[in-house]
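Shared between the two complexes below is subunit A, which pairs with subunit B and subunit C, respectively.
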Partner chain A sequence: MILVLILYLLLAFALFLIPKKVSKYTPVFIALVQLLVFGLFLSFLPDIQNGKTISSLVEWMPRLGLNLEFTLDGLSMVSVLLITFIGFLVFIYANTYMSSYQGTTRFYFYLLLFSASMLGLVLSSNFIQMFIFWELTSILSFLLISFFNENEQARKAAFQSLFVTGLGGLCLLVAIILIGSIVGSYSLTDWIDKAELIKNDGKYLPILLLVLAGVFTKSAQFPFHFWLLGAMQAPTPVSAYLHSATMVKAGIFLLARLYPILGGTQEWINIITPVGAITMLIGAYLAITQIDIKQIFAYTTISALGILVVLFGISTELSIKAAFVFLFVHAFYKASLFMLAGYFVKLTGSRIINSYGGILRKNLLGLIIVAVALLSMAGIPPMFGFIGKELIYEAKFEAPWLSSLLLILGILTNVLMVAVSLLVLFKLYLGEAKFDLGVATKKYKLLLVSPGILAVLSLGLGLFPDTLSGIIEPALSYIYSGEAVIKLKLWHGFNTILLLSALTMLLGIFLFALTYKNKRLIKGWQRMNVRLFSINFNRSFSKGLSSFIKISAKNTHFIQHGYIRYYLTTIIVFSSLLLLFQLYITRGWEINTNFSLQPYYISGVVCIITFSSLISVFSKDGLFTITAMAVTGYGISLIYLYYSAVDLAITQIIVETLMVVMFVLVLRKLPRFIVVSSRATKIRDGIIALTFGLIMAMLALKALNVDIHPSIADFLVENSYTKAHGKNVVNVILVDFRALDTLGEVTVLVIAALGVFTLLNVKKVRK
Partner chain B sequence: MNSVILQIASKYLRILFLMFAIIALLRGHNQPGGGFIGGLLAALYIVFNTLAFTSKQIKDRLKVSPEAYMGVGLLCVLLSFLPSVLSGAPLMQGVWVSYSISDFEVIKLGTPLLFDLGVFIAVMGVTLMFLFTLSTHK
Partner chain C sequence: MEILLVALIGLLYAGGVYLILRRSLLKFIIGIIFLSNATNLLVFISAGIVHGKPAFVTGGDADPSSMADPLPQALVLTAIVIGFGIVIFTLALKSKFYSVTDKDDSDEIKETDI
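After this line comes the complex of A and B, so read on.
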């Protein structure tokens, strides 16, 4: 599994090396790779069906629980097959669709990386690792939405999606860490083993809420659904792949993944179900008045995601089963519909559905494909969508909580879906043809390949649905950890559910008849919706964002004012306070007062140091100050030398010499010594400086008094020669015992040098 | 400054300075010295040169830029961690090789020397960077 991911990664980077001449065929090649991977994973299916899981583990930091862990089980199997298969179709589709655009290599690069991170996400069985892939999909979604980066709308939408999903991602990370702290590991198997522990923990509710924040933002649940609408700015293959079939399903996948760990509790049911129900209804309701074809499909996608969330919320075996079936149903028809939408946009150059009149009059193949996909969305037999819808009704019918309400909402949603499907279908077929599409139809014929394959699947699986049971059964047994047997049938016999389906269809057709061609009704309805949903999520989001930026700008200006003297003052005052506090809490004010007399020449040196530092403070001439400071430094190095710290003394002397040169260089640039600060400031600064100096002196005296046992010095002296082969302990500490510190110091020096370089050169540019 | 005496002196002092710096580096493990001091000494020689000539002349004469010194220095430091990792020991543990030249004298070479060499080069680069930016800045 790791090898597959590495293959994707290498392939993605290799895309840039492909010469222009053959780059025409790269998408087809990638599509074939995807198909190959699909086949590879499919070959594991018998094993998975026998209840095995295939896992691989690469230890990285086992002590922190950070390992590369991949597991192929029933659940990830379902997702992997969907990702690779739809990926295969999308790349074939993109080959034709993207051919007229610039920068396609970049596009395929992103798209391939997305495939890889999506695979990584579903295969991960270490949650930290899964989170990384989760965020990667968000970032790649951002890059893909903003692919047409000269378009401001696209850039804005991309940022919005990144912010919304990123926010959810952060919540998810907190949840993962919380669970990790309860379980003591980030591994999936450990989490499942200790599911009861997590469910009974006091932090269960916050964990659940945080996880759901991640799920709901990723899967565009109300009220976070708006980013998905903006995401329609992306090229159509992206909409088909990321924003209908795979990435937005990542939230659903996570719900399934965490179901054995967090799922099935009262809180789970009570929070997830209503949110999903609201989303599915609002999505379907708002879809009907849209005129932009991609927006219509975006809203129905939101609705479908809502349905999936509801099904996971209901938490019965039947509902989960329905969810998995619907996952396939939706992936097949919605990817197909998005690809078809792209096809129409290519044909007419417009996204407004009202201008598509009669587009399919002379295009029988296109008509059949569109009809199959739309009828599957409407849930009309014998399409696969019908089976999905039947199962959903059944699941809601038997839901333990609020079943009648859920059923009514579900029927309403589906009525709306039927009406939307019929509206789109008839608008495409009827109406007067406004374009002469002969040439364009021929040119974009290949765009119908992928939707065609999906249509065949939608129809074929509708007629022979049981072929899919083998794939869904293992996924279900992951969730209910036991044998799961599924029989999918088209014909369920006469029962309440069938009756409800018939009712749905009738109502849907009625609604369609009411709205079709009745432009005034639609307009009025639109206006009503605008009033009814007066909160424009999109706009309030950007407003909130801009005020947030303003606040942080103010904040930054307050803290980062740009006056180095106040920075220094702040740093010194605060470190003095902290040091004082620390001095106090370690054994009160007791300091070492055990002074002894030192030889007269040392006293002499000390006198010189004191005198020269006083001169450096009070002198009015720059050069004089520098010289006095140098004298102080040299004096200190003499003291070092006397107390046999030779290395220190040498270093001090050289540094002092260099400092003088540097200071002189700086001094040349400065104006002549002028009085900048007032008397009061000088006194204030003097007090601060003196206090700090006093505290440092106290610290030194205290250090003599506080014996930290056992002292590390003895260890260093003992082992310096025996273990590190060096007689100079100072140097051995620097290059061996504490090499990491030295590495840090050298790096800091380098950064400081680069900082000086840039600072001084920036000024040059400004002038 | 344009002092002929300093200019001539710098020519002869070069070998002295650099030898001094390198000796400080090599003896560092057993006696006072080391990469930091060595690097500073080497830089000091260049500082001395800038006093004799103009810093632009020096900069032109120096074939390697200070940035490159800093980079190479850090690289040396990082490379010195490689042997310990490759031999499976914990990162940054010193790895030593010893040659006996005579019965009494043994030369021991270890990764800490490479580490120290890295520090030497990096410190020299940093000092030169400071020097050149400050002295050429208008």
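After this line comes the complex of A and C, so read on.
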């Protein structure tokens, strides 16, 4: 399995090496590879049917539970076969469809990578690894939707789909990690073993909701369905492949994959079923008034995805069975319909269905294929769709929860589907031919190959449905972990279900008769829909997004305002609070400070310093400020000198002198102080400053009363003369014990000096 | 005496903070000097202050408790010098900045473009 993925990957990159001359045949070649892989996987089918699973494991980071794990079981088998088979057909189709566009190599590159990541997704049995493939499909879908990237609509739609599915993907990741933390592993088998543990965990509901966020966004469930409509900007092969048969089915696949782990609970049923039901009804309902052929099919896709979700929600064996059958039904007819839509667009250059009048009148082959696909969608016997629909009815009929409501909704959905199918069919066949299509029909006749194959399948499987049982049985036995036997038949005998089918058909035909040709009704209906569904998801999405960006811009502007003094205010206020907190939690220390003011001359010095600092702070004259500052500095050096710090005193005096000289030199060029701050600002700053000063004074007081034992000084004093041969211990520390520090200090000074030198010597750049 | 020094440290910090919150860049630099002086004093007095007994030794048999603690002194000495370097560099920067832009108001330098 890993080899297959690597093959896809290598092939994808090798596409760029294919010379121009033979690049015409690239898609055919890829299609053949897909067919080969399809055959390869099909050859494993007997094994799978016998209940075996084929796994491979490459350990990567086993301690973190990150391994490459692939498993081919019944469920992945179904998906793999669909992905490779539809992939094969899509590449054949794309060969003709894409030939007139630029940059096809890039297109096939994306499409092939998409196939690979889809395969990886369904084959993964490590959930972190599966998530990576899951995201890859989102990203490739983005690239494919925006393939016509000069079109703004396409770019917008691509971004939208990436945003929505990406958001869901993140939710999914959280869910995966949560489950991983419960189970202690990311491996599928471990998860299944501990399913009960997960279901009984307190975090089960959040996990389920997060998983469903991933599923519903990916599978375009209401209210996330809108991205799928936008995704119709993609080239038609992409719509046929990603947005009907594979990527949107990834959500359904995940539901099936997680069913043995999370499924079947009351929460599962109560959340999933209604969402699916709403989606299926809304999709079908909105499809009927559309006039853009791709939009019609997109809405019916949404509806079909809703049906699948409902079936998984119902959680009976019958409903799951119906889901798998319908999965095939839908993949076959919808891929075929999209390809046909692309065919019509090529023929007429338009996507508006009303302009297609009589397009198929002289095209018998096309008519048959379209009819088969549409009838399968409508669920009319003897198409495969009929069997799918019968099963769905049966499943809903026997649903343990809300069965009558579900059945009514299901019938309504199908009535609408029948009407849509007939509308499309008749619009294509009847009406005046507006185009001379002779040449174009011939030119694009190859586009009918793939839909043709699918039509044959839709009809053939309708007549002999049991051929599919062998593929679906193992998938069912994955979900119910036991033997599963399925008998698919076209004819079920006379029973309620058949009656319901007949009723559906009649109502559908009635609805069709009512709406066809009755333009006023349709128009009125459209207007009503617009009014009813006035929430335009598309628009509210972009609105929501831009307001989000605005808010974050505002926030950034608020925090990163660019005023240095407010940054400093913030820093100081917060450090004051922190210090205060620290002082509070270490409260209770004794104060045995000497309160005497002896000796008086040092008290005098302190007074002078106080006075000069006040002048320095409040003076409005530069020279005055600097002089006062110097007095402060010299005063401090006197304090140092008195309290046995000779070296400090000397250094301070030198530094202070130099500093004053420098300031005076610079001051000459500087303006006088401007009074810019208002009184209120000054008072505010004063309060902040005084608070900070008070807190620092308290800190100093506390520092005085903390004894550090044993002091390092003992060692320094002892060894100063004996080892370092110096009598001044401070000097010895600087040049011997801590010589490296001093080296650092010197370096800083040198850098500062270089900086000053450069700054003062650079010529004026701009004035 | 310590209580006075502690008050002085508080005053120097308060003055420094007040100055760095001003819009004039020169006042800002003087504020930095204040803060650096205050911090030096804080470190210096936190080891305890001793009058008239500098850490000089004449042999290996000196009694550490009879003299001032040399370690904070060494640290503060380094700090004084580095503080000086910073102030001088900032001053040069400020002077150059003024000669290029004619601005002394920190509120006017909130954009990176001139």
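Following the convention adopted for this analysis, the second predicted complex is superposed on the first by the 556 of 767 C-alpha atoms of A that agree within 3 Å, B and C clash if a C-alpha of one lies under 4 Å from a C-alpha of the other, contacts with A are read in each partner's own complex, and residues count from 1 in each chain.
As a working rule, a residue touches a chain if its C-beta (ideal position, glycine included) is under 8 Å from a C-beta of that chain, and two chains touch if they have at least 3 such contacts.
These numbers come from a predicted model, not from an experiment.
In the overlay built on the shared chain, the residue A:A14 is in contact with neither subunit B nor subunit C. With both structures placed on the common chain, the touch criterion links A:M629 to subunit C but leaves subunit B unconnected.
Once the two complexes are overlaid on the shared chain, A:T657 sits against subunit B while remaining clear of subunit C. By the touch criterion defined above, A:L690 reaches subunit C but does not reach subunit B.
In the superposition on chain A, A:V606 makes contact with subunit C only, not with subunit B.
Of the two partner chains, subunit C is the only one touched by A:L699; subunit B is not.
Touching more residues of subunit A than its counterpart among subunit B and subunit C is C. Applying the stated contact rule after C-alpha superposition, one finds that A:T742 touches each of subunit B and subunit C.
Within the superposed three-chain model, A:K727 lies in touch with subunit B and with subunit C [touch as defined at top]. Counting contacts as defined above, subunit A residues 646-647, 651, 655, 658, 662, 666, 669, 727-728, 730, 734, 742, 749, 752-753, 756, 760, 764 meet subunit B in one complex and subunit C in the other. Every residue of subunit C that touches subunit A in the complex is listed here, in rising order: 1-24, 26-27, 30, 33-34, 37-38, 40-42, 44-60, 62, 64, 67-71, 73-74, 76-78, 80-89, 91-96, 98-100, 102, 104-107, 109-111, 114.
Within the complex formed with subunit A, the subunit B residues making contact are 24, 28-37, 40-41, 43-44, 47, 51, 66-67, 70, 73-74, 77-78, 81, 92, 94, 96, 108, 110, 112, 115-116, 118-119, 122-123, 125-127, 129-131, 133-135, 137-138. Within the complex formed with subunit B, the subunit A residues making contact are 646-647, 650-651, 654-655, 657-658, 661-662, 665-666, 669, 724-728, 730-732, 734-736, 739-740, 742-743, 746-747, 749-750, 752-754, 756-757, 760-761, 763-764.
Within the complex formed with subunit C, the subunit A residues making contact are 561-565, 568-569, 572, 593-599, 602-603, 606, 609-610, 613-614, 616-617, 622, 625-626, 629, 632-633, 636, 639-640, 642-648, 651-652, 655, 658-659, 662-663, 666-667, 669-671, 673-674, 676-677, 685-686, 688-690, 692-694, 696-697, 699-701, 703-704, 706, 708, 711-714, 716-722, 727-730, 733-734, 738, 741-742, 745, 748-749, 751-753, 755-756, 759-760, 762, 764-767.
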